[in-house]
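As written, the chains take the letters A, B and C, and residue 1 is the first residue of each chain.
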Amino acid sequence: MQQRRNLSQTHTNKVLLNGQLNVPKWWAPTVSLLGIAVLIGFTAIGIMVNKGLGVTGLSRPVYWGLFITTFVFWVGISHAGIMISAILRLTQAEWRRPVTRAAELLTVFSLLTALMFPLMHAGRPWRIIYYILPYDFSRGIYPNIRSPLIWDPVAISTYLTGSTLFLYVALIPDIGNLRDRTSGWKNALYTILSLGWRGNPRQWQMQTVGGILLSALMLPIFVSVHSIVSWDFAIIPAVEGWHSTIFAPYFVIGAVHSGVSAVVTMMALMRWLWKWDDFIRPEHFDALARLLIVVATAWLGFTFLELIFALYGLDAPEIALREMQMFQWPWNLLFLIFLFTGYIIPVTMWLFKAVRSNIALMFWSSILVNIGMWLERFLIIVPGLARKQPFVFTWEAYRPSGLEWLILVWSFAWVTFLMLLFSRFFPLVPLFEQKESQIFTEDVKIGRAKVPAIIREID
Amino acid sequence: MSKNVSKNHIKEHHTPPENVPFNKITSELVSTTVTGTKKIKQISIILSILSLLGILAVIVKLFNDHDDSTKWGYVAALVSFLLSVGGGAPMVAIAPVLAKANWIRPITRISAIFSLAGVSTLIMTIPLLIMLPSLIVDGVRRRSIWFEGPVFSPHIWDYVALLGLILTGLALFYSAALPDFAVMRDHSSGWRKNLAKTLSRGWVGSDSQWRTLRMRIGMFGTFYFLILIFVNFLFSTDFAMSMVPGWRDAIFPMYHSITSLQAGVAIVVASLWIIRKYFKLERYIHTDQFWSLSRLLFGLTLLWIYFFYSAFIVFWYGRSANDKAWIDLLITGPMMWVFITSALFIWFAPWWWLIWNKVRRSVNGPIIAAILILIGLFLDRVRLFVTAWSVPTESIHDKYLTVIPEIILPGILDILIIIGGISLAILPVLIISRIIPVVSIWEIQQFNLLSKPVKYIKTHGVLVAKPD
Amino acid sequence: MTTAEFGKQNWGMVVDIDKCTGCQACVLACQSENNIPLNTQDRFERGRAISWIRIERYWEGDFPDVNARFIPIMCQHCENAPCEPVCPVYATYHNAEGLNVQVYNRCVGTRYCANGCPFTVRFFNYWEPVWPESLRNHLNPDVTVRSRGIMEKCSFCVQRIRRGVRNAKKEKRDVRDGEIQTACSQACPTSALVFGNLNDKNSQVSKLKNDKRNYKLLPHLNLEQNVIYLAKVDPEKKIKSHSEEHVPHE
């Protein structure tokens, strides 16, 4: 499975830094196009803030719709970073090496995007200072800590801070590398950001220990952030389909599923765009796909449990909701798509080694997964609101407006835009990890076979 | 400054343990089946007597209390405890093996042996099945996961699943033990040799036999994991949740599963410490094993509070009549002190003990946490199952619980059953240690082939080959 | 002892379904009194119509044996309100007089409270309210006009409560039962809606709430509402007493 490639330091430097030192031709037009999409999105948000939430399709009782779905979706995607860089780093898995920085980056940017959604969809967004910061900005009233909407920004901002620090700590050696190869204003920028990196043993030790400590600290945050977001819904007894104790781990495992798939998408793109065939290899996709099979199956188990126990209560409103969610148009179509794209098609594909090593197939299957996962959030949040309690008189449908769809598309453009902007200045694959991997791996002869081996530190 | 740091750095590291030569591994480990036989015989006799007393107590109880299901809570708690510990222990061998971790090698055998403890679970479940109230009473069906199932659904299918679990565990144990039965056939004498001859079934160590072995371990291992979760789901729902009207808790099966895994790791830590000490296995079981296991244990302890809190926050915040009844029944009501003690033992104390690196990286540190966790788990099962079974049969088919039942204290029969059940679980583990070494010979020898201590610049490491 | 002090009242309402004719006079009165925006057909179709009190109507049976059952539903002012703990800015809370109050100038419009309400009696202003020129003078000066982005709901006509309590205090006497009327209870032609102080043992609401037909909506949610309903008398069926807590079998 793991072939050892002999990659010299010069080759590593040249290829991995070609995003910064020799900007590829496609970069500027792509970023401009994305920039236009981003601007259109911001205009749409501006229109919404100006005119009021009437421009959306929200109504009574479906007060939360596409925006909150997308919010939960982006928080889910952000779990990729911790899964890949922290957990795989702590278990010393070699195949994480090309992926860690891109995963961490995706985390930071998707969290930023996620944070924007609940803020922009408040009725009076210019007054969110009442609860965003833990201070009594008006009338001597502090935010209500009993509200899950207070727990959300606390959790997400903690995760964002931790991830940014983690990203930065891992970035420092590469910034040092870039500082040594540039001149002019770029050199000045890199000099400041590299914090005097010299690459001596003491600095390496601090950087490694710092990374490990941050990884360990981020693990509880990894579990708690999406749990807290899930408790936005789980604690409300009034909405069928929401009041369930399983939401916390269910959402977390769904987030890992969604996030790792997003990393697969990103890795395939990185390999194609910057031609990093030597560094992002089929064996990485193979390992990620195997991890995904386990995670996806666990996720399916949780989905099954959630459904069983929703029906277990034998409450008429809950049963009516599930009937609608699975059997009535248009929900039945959405439900089928969600099941097929979220699990059935991707996992069946990934069971075959030929698919796992085929990068194009991995790319498309990972996109399918994220379509399914977005639909999963939609199917959890909206049907329950549309079919609230036994008061059938107030049941209402939800028809999202064009503006809502536009803002959804904007969020994808925004994250991609930020990532491409980052790639202009910093390498997306950590150089020092690649070089470390070259030193740590060796080929060993056992009997007649030549087997790849890794040096592991005892403690 | 940097010089001092690097000096202390090296002092704290110790050289990796030397690989033990192949012959030595075989002879030392085979001899563990022979040494200490007298003591084990004595202990086994005591355990057998206790087990017999326990089974007798069950029969007496069936005569006395066959019409009152509320008196069987402690038996239910015992079965759940045995299922969790005995069912969770083999998982310690399965998951790291599938992840190709090398530290698990000395541990796989002892953790797989615990599937034999399932015999006790099977026996102790029988009175429960007799006493379990039927699903439909007077045409009223209480909540259960058996939506269209007939009246005896939980009775039959839960037992079949449990049987499946134990058989899979045994299959896993046996498949992985084949090479070692062959070693016993070739290197021991007397009745052991004859027994091993039959059990090793023509193992010669050919290529195809090794491939089949690996495939079997993978298959049985995965299947065991799936069926373990399934059994936990069935048992926790049918024997606890559906016995309390209005208790709808989607995370409870997962809570039961996670505590089962936690208990499994704890019992493996405890057994590992015991066999290291009494069979003198210091050359095979190192700090590395305890370090990795205690990291697992720490993680699972954190998962306990996570799953518990997921349920708690939903019920506490909801404040409906149903939610309040749940909190009253299981946490703040008659079971409050049991809850506090079990939470202390299963979460709070192990967390603050295992959080220290020095404790995790020692041999004698993790066992304290393991013992605390096992005690805490038993109390937790008492809290959940005794209360569930204490709901009177008249109100078991209501829509939700209105009157919190009084706490039921264990009688003499209950105590005998508990002691008997646990003894019956430990007994096969002891007996099997006379037939096959408690540390897997072929796994240790295989690691010899794959690993080699190396010196890298100023430090030491281990070069580990990673074949597919 | 004067009860005309803040905190001595516990405002509640009794709704007698048997007397209710479904005429919607309460809905109209509420809309006039509380400056509720005009509900156009488009708003009804989009599900954005605001009516703090609504008559829920359910059709039963087929022609010619059709039966309409209806029930007026307004904010139940639950003691154990599910909408209160979830507001991040404390824009809704339970005051000392038993009212679930909505503070308009604090509301940020996250709409979390509306999701928590099982009766869907909370309304969100999706647009700025617009009244035609001819209705410019109809606005009640005692009631805030809510801009867009703000949640609103039945307040038990808190402006009338304040005025009544203030007058009573000025005259150094207790608030008389029936002196403070909400717009809906005042407009109801059959006196199906009765408003008053539940703490006052002699008030009409206190006497009516113990009627053997009484029940609360969604009792299993344990909301402890201040709105008590009296069941419709069906001469065909025998009325079961709802006053004791009983647990229905499945």
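Simple rule for what comes next: contacts are C-beta pairs under 8 Å (C-beta built on N, C-alpha and C of every residue); 3 or more make two chains touch, one makes a residue touch a chain.
This one's a predicted model, so the numbers in the text were calculated from it and none came from an experiment.
Q: Where the centre of all protein Cα atoms falls, which chain's Cα centre is nearest to that point?
A: Chain nearest the centroid of all protein C-alpha atoms: A.
Q: Between A-B and B-C, name the chain pair that shares the greater number of C-beta pairs in contact.
A: Ranking A-B and B-C by C-beta contacts puts A-B first.
Q: If you average the CA atoms of subunit A and of subunit C, how far apart do the two points sit, in angstrom?
A: It comes to 44 Å between the two C-alpha centres.
Q: Between subunit A and subunit B, tell me the centre distance in angstrom, where each centre is the average of that chain's C-alpha atoms.
A: Once rounded, the distance between the two centres reads 35 Å.
Q: Indicate the whole-number Å distance between the mean C-alpha point of subunit B and the mean C-alpha point of subunit C.
A: That gives a centre separation of 56 Å.
Q: Give me the residues of subunit B that touch two or more other chains.
A: In subunit B, the residues touching two or more other chains are 143, 317, 319-320, 323.
Q: Which residues of subunit C are in contact with two or more other chains?
A: 82, 85, 221, 250
Q: Could you list the positions in subunit A whose residues touch two or more of the other chains?
A: 235, 237, 314 - these are the residues of subunit A that touch more than one other chain.
Q: If you look only at subunit C, which of its residues touch subunit B in the complex?
A: 80, 82, 85, 219-222, 245, 247-250
Q: Residues of subunit A touching subunit B in their complex?
A: Counting only subunit A, the residues touching subunit B are 1-2, 200-202, 205, 220, 223, 227, 231, 234-235, 237, 243-249, 301-302, 305-306, 308-314, 442, 444, 446-447, 449, 451-459.
Q: Applying the document's contact rule, which stretches of subunit C touch subunit A when the two form their complex?
A: 46-49, 54, 56-58, 73, 82, 85-90, 106-112, 114-120, 123-128, 147-151, 218, 221, 250
Q: Contact residues on subunit A for subunit C in the complex?
A: Answer in residue numbers: 51-54, 56, 58-64, 118, 122-124, 127-128, 130-131, 138-139, 141, 143-144, 146-150, 232, 235-239, 314, 385, 388-389, 391-394, 396-397.
Q: In their complex, what parts of subunit B are in touch with subunit A?
A: On the subunit B side, the touching residues are 1-2, 5-6, 9, 12-16, 143-145, 147, 229, 233, 248-254, 288, 291, 302, 306-307, 310-311, 313-315, 317-320, 323, 361, 449-450, 452, 454, 456, 459-468.
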